[in-house]
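Here come two complexes built around chain A, the first alongside chain B, the second alongside chain C.
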Partner chain A sequence: MSTTGTSTRSSPAAGLAGAGSRRPLPGLLLALAVAGIGIGLVGLGTGLSAGDARPVISWLLGFSFWTSILLGSLFFVMIFNLFDAGWSVLVRRQLEHLLAGFKWIAILFLPLLLIAWFYRDPGILWKWLNPEHILPNGYTVATDALYQAKEPYLNKTAFTLRSLLYFGVFLFFANALRRNSFGLDEDGDRSRVQRQKVLSGAGVFACGLALTFAAIDWFMSIEFHWFSTMYGVWFFAASMRAALAFLLILLFFQADRGVLQGLHRPSHNYQLGCIALAFTVFWAYISFSQYFLIYQANIPEETFWYNIRHMNADGTTNSWWWVGLTLIFCNFLLPFLFLLFYKTKVRIPLILFVAAWILTFHVVDLYFNILPSKSAPADNVLNYKVRQFTINFWDVAVFVGIGALVLWAYLTSLREKGAIPRRDPRIREALEHHE
Partner chain B sequence: MPPPPPPPTLTDTAGPLGPGEVAGTVKPVDLPRKPLVLGDRSYHWVTEKVCGICEQKTPTWWWWSFAIACGIASFTLMGLVYLVATGVGVWGLANPVNWGWAIVNFVFWIGIGHAGTLISAVLCLLQQRWRTSINRTAEAMTIFAVVCAGIFPLFHVGRVWFAWWLFPLPNANWIWPNFRSPLEWDVFAVSTYGTVSVLFWYMGMIPDLGTLRDRAQSTWRRFFYGTLAMGWRNSSRHWHNYEMAYLLLAGLSTPLVLSVHTIVSFDFAASILPGWHTTIFPPYFVAGAIFSGFGMVLTLILPLRAVFGLHDLVNQYHIDAMCKITLATGSMVGYAYAMEFFIAWYGANPYEGFAFINRAFGQYAWAYWIMISCNVISPQLFWFRKIRENTALVWIISIFVNVGMWFERFVITVTSLANDFLPSSWGYYSPTIVDIFTFFGTFGVFSVLFLLFLRFLPLIAFSEVKALSLPQADPHNHDHPQNQRGQEARG
Partner chain C sequence: MSAARPQDGVFGIAATFWTAPDIYHACEKVRDAGYRRWDSYCPFPVHGLHHAMGLKRSRVPFFTFIGGMLGFLTGLTIVWYMNMDYPLVVGGKPYFSPVFPFPIFYELTILLAAFGTLGGMFITNRLPRHNHPLFDYQPFLQTSDDRFMIVIESSDPAFDPDRVRALLEEAGGEEITVVAPGAQAA
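Take a look at the complex of A and B:
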């Protein structure tokens, strides 16, 4: 990262793309977004016509990954506002630009809602959306005693309304916080600072609840027999880590060749690295506690969720066992050890490496939570098979497509609004931050 | 002469500017940071103020308070003597409620014991300088709370002289504790936490003890503080070692703070009892512990501030910060209550569902609604600045927090046991007079220890206040934007 200033003037987008880039980056990203999402939609169509749930899950995986990053970003913006720290002002603005992608994410949830309402088997992904869906045991969802008990919550209309409500809450706070922060740049009205705090205080509550129930609806209910009070906290922890890792990568590019050249310093990275360490531990704490308490109590209604992530119906170890081990070592232990050291938090190649590492294994964590489920009758004694760990073409296309769209929205926002909150009361502290 | 070029702006596609240029274009709105110490106090004033408290003649109110505290503490003594002489049957435990006030009181006091180390360790790592005005008192509170907490598990074994069997010591009969029991983990967690908290508290006090030694007039004070100060000479090397040790202990204490109450939550959650076995228990218990700890810090620090005239050192900024942490953690606790209730229904397990309906509307509904009112509703008042600025009201709410958190442990422990799987054995638990004596007396034990602390040790970490909270401690004071305001105010 450059720590010396430069007065080279170019558009932020071209700056981000690197000197000498002939194509404007937003255009490239938009093309990539259209291509990726288009391929994802083709995948959805293929899957739906063949009755194959896997491409639909690809869509959910890509959607979840970018939603988690944006949710984490939203929480960080609110927390930074509430904590009133000086150093975080510069990075907060980058997150505010990133939140521009939220409306697109909301739109990209629509295909899943349309499947719920118009596809011949709405239960292709969330089984309970179709009471006539055949469960692995050969009976329909409608005859399932647990479904019957949960039906007031797990039904199509309530699911749709709740999802719209979640996005309504997220979009309201994301837009209000963005508008207020950008407005401060223009009019310097100090009452906006207090308004940001009030919005953030209310937003943490409202978005916390929305995130929790979104995690229950979108991920936990895939295996609708299973339940865990910790699940919302898990998604919160995972989202915060993911947002932080993505932010570090973004900051690297902006500090190296973008709008933050000479402004974003190792001291800022150090602070972010410390938070990354804290959330690495927090994620592990939450994930371990959930696993351990279910393991220790050993109640079949709960343990089956981890059992299918360990073995097949015939007792043989399946692919999720290895994924689970990977999560322990690669999503916790290695980043934890890595981030303990001062140098890894301030040396740019190292912090960039660990951020990319965390994001990679965040994807694996989402696979672990979303993909495995009991599916289709099989010729084994327990009459089910477990969907195994695979990465397919549709997954990659959706990940890239939605990611490109989010980045495009970010760059567009960056081009329209200020790169730096120049009227923020703590901006000088951020610019002069040192350890 | 051509007009000067317009200043660069940052609100367009101008792209990267150098740091110098940016510094010229930013126009922050004027919202200065509040000072951590009011009244533009000097180093000398801070030293005199804090040292004066333990150097002055013992005030009459102290003697009265001490006598009353000893009187209250004697209730614990009576309760324990009677228990040891008679057996644990003197407590109100009977089928189906075999865990009663003892574990409720243990968890209550251990929870209170979380704020001290949290303030010193976690807020130290988070670089929150405001902690320096309250950390010493909070740490003392932690240690005394752990002492009170330890009484209950220690004496619930009945024959207390065999309590050492809790430790895995080799013995002729090959009797080993059950390592798979969370209660055994408690032994290690609490004793480790207690040890590290004492170390942290003592080590952080050494520079202040050095000052007290240097100011001491009488021989016994010189000897007392001299011994405790361990040869502290304020040398650069001493400070270097001290700060490194402080940081290491902060790093060590942080996971300990979280682990203690996590393991306490395992006491319940690792079981299969409806209402106890739920995965959110670990973070929920930790949030609850911090909540109750801050409740108790507010309960203690506000009267101390009034009695000793510490308004400049513990000012509205500190009260605001503590109220906000109380609000945040109280809301987390409320979130956990809501999730438990929701998942009890969503899980569709009739026993789990019953446990929660029974909590809210069963024979202990009164306790449940006290808990909800005190823990979820009362801290929401801290949203309002006017309430945070009303010290009396803050103190009353802090009492509500203490009461609510005791009832939380009572509700969790007793409601699930009193109406368990077998309706024919359901019962209604009531404490005996021995239970009540023993618990009531712990407030006396706590007060005795706390009063002794106030009398002999500096209740504010004044070395740290001088190093971190006073603007003149910063060698770059004039250069820093956050200090410029104060500088201007001082002229």
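Take a look at the complex of A and C:
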């Protein structure tokens, strides 16, 4: 038993679903991905034929969840490179493998662009894409004063080009950082370490801007009357938390039965737990600040976004009120109090629990920020209905399908390249890390 | 709580070590012998020494938490009381709500949590104090340079000079000395 364990450890390509694994995990994941995405596409088809926007949003929600995890991973890779902390070298490699899924995520965005260009109601998801779309105020999008003012930014061509540009930026930095890091394993060229830092320094700015505008385009513009300068930062904070939680779960499996047995230790978890605490506070700070500023300023163009997340047009409390309260307590207060304790960060079951918890409520957070929307007409004086909180079969299929695809890409990359950056100048420091 | 027994003026017994591994293993022996009032002194941080010494987690976070909660409740009370005592409508906001005055709750939480941390550090370290009996023992001053030292204090309930000396000798300590500033002064 011990000899197999040692050989698993010494060979960088072995381990969880690696060459030494008996279970055909990658194949299983690929099958799951095809099934999930296939069902999601059927959902898209039924939605489009019935003119129902909900299955289209299922696609966007699943896309947003995995995009947020990959974007968070990208930022963590760049930040670990920039800060040059010894302990982070080992976990950085896991994130680099995870970034292999980015190209698939980019391809999975294409259906939404195709709908915008070729479907009979291009505004089924982003209503401003259809000039004929009738708003609750009785105007069409084309005659709406607010849309007219935003038209130079919010138009189909610019939107498409920007979306392609965002993925161009993300993919460029993800691939360049991956190539450089794997290249260091091959040739041990020290100048690559410096190149990583230069790339990361530029990438933090470029990807920061791309992420902010992507969040504005893809999620904020669903309710295009509304605007918030905090929104991009909210998506950044949520992405970082999600990536961290996902990384902790991934590391658990790799340390328990995969390629990092005996290498990834509680002292690494402690560092990641501290960052998780910091980003929990940061998420709350950003989310609350957005609410707080809009509440204080009390401008109808801004407050309606929170109003529809509180009540229906007739003033009755709706489902989003409960979701909002859930976010305050379950996405901030409980993980915050939980992560304050030292033991939570070093005891494996506890950190695993809080990571799964954060990831779960990150999904709820995405629902809260993306799903609610006004739809017209309605039989009340304000002429709108609010899309309520629901989880349907298409949501689950898309979440699972894209997730399986991302994990498949991760495992394929892990099998192909090493799990340990063995020529990184700080790898010894990472392996010998103490709190 | 006095550091030394008044009858003999002995603060404790000090033993010198010359390397980090030496003091690390000596600490394990002293820990296993069950002493509680003792400390180790090193010129630089030694990783894992707190495990070797059997130290528990610091109690400072408890003070931080109490300070933070007090701050939050103080903020809550200030806003609630002032709006009850002298109601003013500002910006169409309610007299009391957890939203508009949140920065006040938040700032006071941070402020009093910081005070709690500082105070907690002073209390758990028994600070401030103006002098320490070990300062009169010349070799001790070199623990900030090149030597390591373990001092078992006479205030330990299990303190017995002969046994302590034997333990420190067995642990590999050198220059085992009874530190008694009172006796030196007399």
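Keep in mind that, in the parts below, the second predicted complex is superposed on the first by the 411 of 435 C-alpha atoms of A that agree within 3 Å, B and C clash if a C-alpha of one lies under 4 Å from a C-alpha of the other, contacts with A are read in each partner's own complex, and residues count from 1 in each chain.
The rule is simple: a contact is a pair of C-beta atoms (placed from the backbone, for glycine too) under 8 Å apart; a residue touches a chain by one contact, two chains touch by 3 or more.
Remember, it's a predicted structure, so these values are computed and weren't measured experimentally.
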First (chain B), second (chain C), both or neither touched by A:Ile420: first
Chain B versus chain C as contact partner of A:Gln296, first or second or both or neither: both
Chain B versus chain C as contact partner of A:Tyr342, first or second or both or neither: second
Partner chain(s) touched by A:Phe353 [first = chain B, second = chain C, both, neither]: neither
Winner by number of chain A residues touched, once chain B and chain C are compared: B
Where chain A meets both chain C and chain B, residue numbers: 292, 296, 298
Of chain B, residues touching chain A in the complex: 10-11, 13-23, 25-31, 125, 255, 258, 262, 266, 269-272, 277-283, 331, 335-336, 339-340, 343, 346-349, 383, 479-482
Interface residues, chain A side, partner chain C - complex: 288, 291-292, 295-296, 298, 340, 342, 434
Contact set on chain A toward chain B in their complex: 4-12, 14-15, 86, 145-146, 149-150, 153, 184-186, 188-190, 193, 201, 205, 208-209, 212, 216, 227-233, 258-263, 274, 281, 285-286, 289-290, 292-294, 296-299, 301, 415, 417-420, 422-429, 431-432
Residues of chain C defined as touching chain A within the complex: 47-48, 57, 61, 65, 91-93, 99-100, 102-103
